[in-house]
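Below are two complexes that have chain A in common, paired first with chain B and then with chain C.
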Partner chain A sequence: MSEPVTRRDLLHNVVRGSVLATLGGGAIFLVQKAHGQVVWQVDASRCSNSRLGEAGPENCKLCTTECVVALSAVRAVNEHSKCGRCAICPAYFNITSAVDEKGLPSEKKCPRDAITRKPIGRADPEDPANNFYEYIIDEEKCDGCGKCVMQCREPLGLGSIVLRVRYDKCVNCNKCAISRACPKDALMQIPVEQALQAPEIRHSTE
Partner chain B sequence: MEYRQTRVIGGKGNAPGQFATSLRSLAVDAHGQVFAAGDSGITIFDAAGRVKRRWSTSRPPLSVAIAGDGGVYAGELRQIEIFSSAGKLVNTWKDETLLGRVTAIGFVQDGVLAGDAADRAIRHFDRNGKFRNHIGKDNPVNGLLIPNGVVDFAVDAHGVIHAANPGKHRVESYRPTGELLGHIGRFHGTDPAGFGGCCNPTNVAVRDRIYVTEKGGPRAKVYDFSGNLQAVIASEAFDPNCKNMSVAVDGRGAVYVADTVKLNILVFEPVTV
Partner chain C sequence: MMPPMESAQLRSLTVAARKRLPSRDRKEAVAALLLLLFLAFAPRIHAQAIPYTRPVETAPQENTIGGGYKTLAVQRAKPRDYWFQVLDVVILGAAMGIAVWLVLKRRSRKWATVLTIGSLAYFGFYREGCICPIGSIQNVAVALTDPKYSIPMVVTLTFFLPLVVALFYGRAFCGGVCALGAIQELVLLKPVQVPPKLDRALGLLKYVYLGLAILLAIRPALARDFLICRFDPFVGFFRRTGSPHMLMLGGGFLLLGMFVGRPYCRYLCPYGGLLTWCTRLARRGVTVTPDKELDCGLCTNACPYGAIEHMRAVRKDCLYCARCYASCPRTKSELVTLS
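And then the complex of A and B:
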């Protein structure tokens, strides 16, 4: 005999259904691949590319090299609400490259040219290079190498760019190959419900 | 021109003269006393670096400044508290809109200036707290570009306001009326004469020259008023994760910089050759 459905259960299911409908395809991937249990995600507070206090000139590339998926399921994501929209973004530009005639660094940072930007608001005609910019990461190009993440971390940047497992790319191995290699134990399994609540998942479905 | 570190004041801890969680702003008065806004109050150190007095503010202080009459102004969230030199609360200016997050305070001849990081602008009030005008807001981006979250400025002997505009990699100079007079500085990722990273300099002091601090990697530098680099005061001395390091200068040219991670005040003095 089945359990009676309470008013609370019903309400919970309606809300859950609404969230799933809102999230669309990405959520379907998520639910299918999670087998109703847990999914892998990167904990930015542990990741050496984004962690405040971690020193070292080179970015950790294990998310790129260890994932069993051909182009890693880990991608860089810009959390726009945290982004400073800087004119000279260290994640976009190679800030140690030569400065061009506009006063900007002449090289970009991303080796796959996955980051683009567009100005926001009114440009100053006397100072066109200085404005707010929206930075957009093309996840079809990004391989999760973490170079931009490392440049955006505090205190150099604001830490708005972080690495995230994309659920529509991840095959949800029982023992994630990246997690086995990660020296910081930054790959962790989280409940599907928690993953569904994470705002950045929406980017993968848009 | 060279500087050498001569003293360290404060530090992280709970002992008198130490700071438990934060050290946000510095000011130095005519007698060489150092006023520090940190944790939940104002601490005064004498010229030798000994704790002279400490009092609490009603909200955590984000900035501190000393008026010509010895009054101590503490910038906070949505208010400025004004204390006597003995630490007695004299007045409180409250304003939800104009004093959102007061990260710097300064004085012109007949007015008080407050840097409001919440709105990326400097407010100009008369000495009674009546608002006069905005500074740094009349531009296409409606304010100073401060991804670092702090508005900082200093006023020179002629009443000119020198404000950090880190997103533009500049120190801009304004009249108290808000008129932009000019700027110094440019971006450069490797030349120490330039300002590096996304957003520098973060903090400014002024006396005979313009003194600035930068974040990521942290350093303190001094420029003449034409924007020529005079010296890198220090770079290795600070914790690499420092940002928004308050800077102050005393009458002898000694430079005081707040290490926001180690929570101490480093004092650098010019070396006379």
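And then the complex of A and C:
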């Protein structure tokens, strides 16, 4: 050593070392309980648009209004494997509107006209209106207002449409702005391994 | 207390009132009221009473639908890949290393500015300001108090890395990496010196903010609030969206920042408070060495952050911008030999 260590330097080193040890200890403690990666997702069993008897005549639109992304990262998603494919879908049509000449409700439910449908499967020649329909939600139009979600639940629907966070739109905020506003605390952080699973079957009432 | 006389009188009066309306009349009145109520609600009930019953009880599958129908797969966009997040931490560390090298060794203001622009572009506009060490204070505070809270590994590293660097080299994070700092650094056009007393007093605000943010973060899960993220003034610019009042606040900070050097960093940034504590112990930092022939004090005037006092750099306030070096006549090539 070329220079003798002064008392000041020694003290400095000791304090620095102890702070470093504290930081390191804290980091190791946290890393041990750390999760690889977490993402935000809507828990359909808590969302008031999904739960029967939760939302009133006006549905909850906080997912649309609170998200920091311009067009909310929460979108309605139709789980096709659970969809009833009804001819008169209560989420597609406003079933309280007047019936037009074709016998279908004249108004649609989606305010942004984001749901399209087309007949699928075997056509019944006797009764062409009685068919199965495939309902596709246009993600670029949907803003996650949840109007269709509120209709597609017991007892009218099967609950195939749910609100989901779309990870390609979500910026994964440190504290999701929707979760802060959500009265049901339905937005939760889940490990990424669960993120790509299909949403669980909804509880109608609890 | 009411005298017993009066109370008895009152009771007899009520009894008399009841007797005046015989029970048959009351029943009729109730029936009429019910009828009125029914009439009032009848049109609405009628409107909703379009006969709708769910035609199916379970979802029809491919074999029921027939006609060769294949169930459409639901597109599930993947979250950002984990390795990209690890890459963010690596870039964070590398940028701090480069900042230390550029400022302490190369003493290059030009290249330090380039690094600032690069960090603003990557951590600010590309990564949209999340996650940053400033906000991670709250995650760490929650993780230390709530055993059920799961903190991502990346967030933990993002929190500790700049503090460790500060223990050795000072606030390299503030100057080289932080996007919030970078956007203020780049708008600083006409620096005005803040009076040292006012500067010191305002500097205490960041500890109040730090305490408040931690207090709100460690509340029970439902009442928890991440104050720092919620009132991040610049994240709205990074995301090109946001509530009008937050954008106005950010605009106000940038406007102020044209004259007062990095107001958010110096007076509000809670992570700046933590870095200040660590920087007091730093092994090395920016140094300006006055010598006998040349004590012009140009660097003191050049420093917009009031971090040079009595011709000495104050490490805890130094934000690694290298303006002092750029202003120094000694570092110009022909004067470098002067000693």
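Please note the rule applied: the second predicted complex is superposed on the first by the 155 of 206 C-alpha atoms of A that agree within 3 Å, B and C clash if a C-alpha of one lies under 4 Å from a C-alpha of the other, contacts with A are read in each partner's own complex, and residues count from 1 in each chain.
By definition in this document, contacts are C-beta pairs under 8 Å (C-beta built on N, C-alpha and C of every residue); 3 or more make two chains touch, one makes a residue touch a chain.
These numbers were taken from a predicted model, which means no experiment stands behind them.
K.L.:
Based on the superposed arrangement, let me know which partner A:D127 touches: chain B (first), chain C (second), both, or neither?
P.N.:
A:D127 sits against chain B, while chain C stays out of touch.
K.L.:
Which partner chains sit in contact with A:P155 here, chain B, chain C, both or neither? Use first/second/both/neither.
P.N.:
both
K.L.:
What is the contact status of A:G103 with respect to chain B (first) and chain C (second): first, second, both, or neither?
P.N.:
In the superposition, A:G103 touches chain B alone.
K.L.:
So which positions on chain A get touched by both chain B and chain C?
P.N.:
After superposing on chain A, chain A residues 84-88, 90, 95-96, 99, 105, 121-123, 132, 155-158 contact both chain B and chain C.
K.L.:
Can you check the complex and tell me which residues of chain C touch chain A?
P.N.:
47-48, 50, 52, 54-56, 58-61, 64-67, 69, 71-80, 82, 85, 128, 130-131, 135-136, 138-140, 143-144, 147, 150-157, 160, 163-164, 167, 221-222, 224-226, 229-230, 235, 239-242, 278, 281, 283
K.L.:
Using the touch definition from the top, list the residues of chain B that touch chain A in their complex.
P.N.:
My answer: residues 139-141, 145, 147-148, 167-169, 186-190, 194, 196-199, 215-216, 218, 240-243.
K.L.:
Enumerate the contact residues on chain A facing chain C in the complex.
P.N.:
Within the complex, chain A contacts chain C at residues 12, 15-16, 19-20, 23, 26-27, 29-31, 33-39, 68-70, 77-88, 90, 95-96, 99, 105, 120-123, 132, 134, 136, 139, 155-158, 160, 166-175, 177, 180, 185, 189, 191-192, 195-196, 198.
K.L.:
Where on chain A is chain B touching in the complex?
P.N.:
Checking each residue of chain A against chain B gives 52-53, 55, 84-90, 94-97, 99, 103-105, 121-124, 127, 130-132, 154-158.
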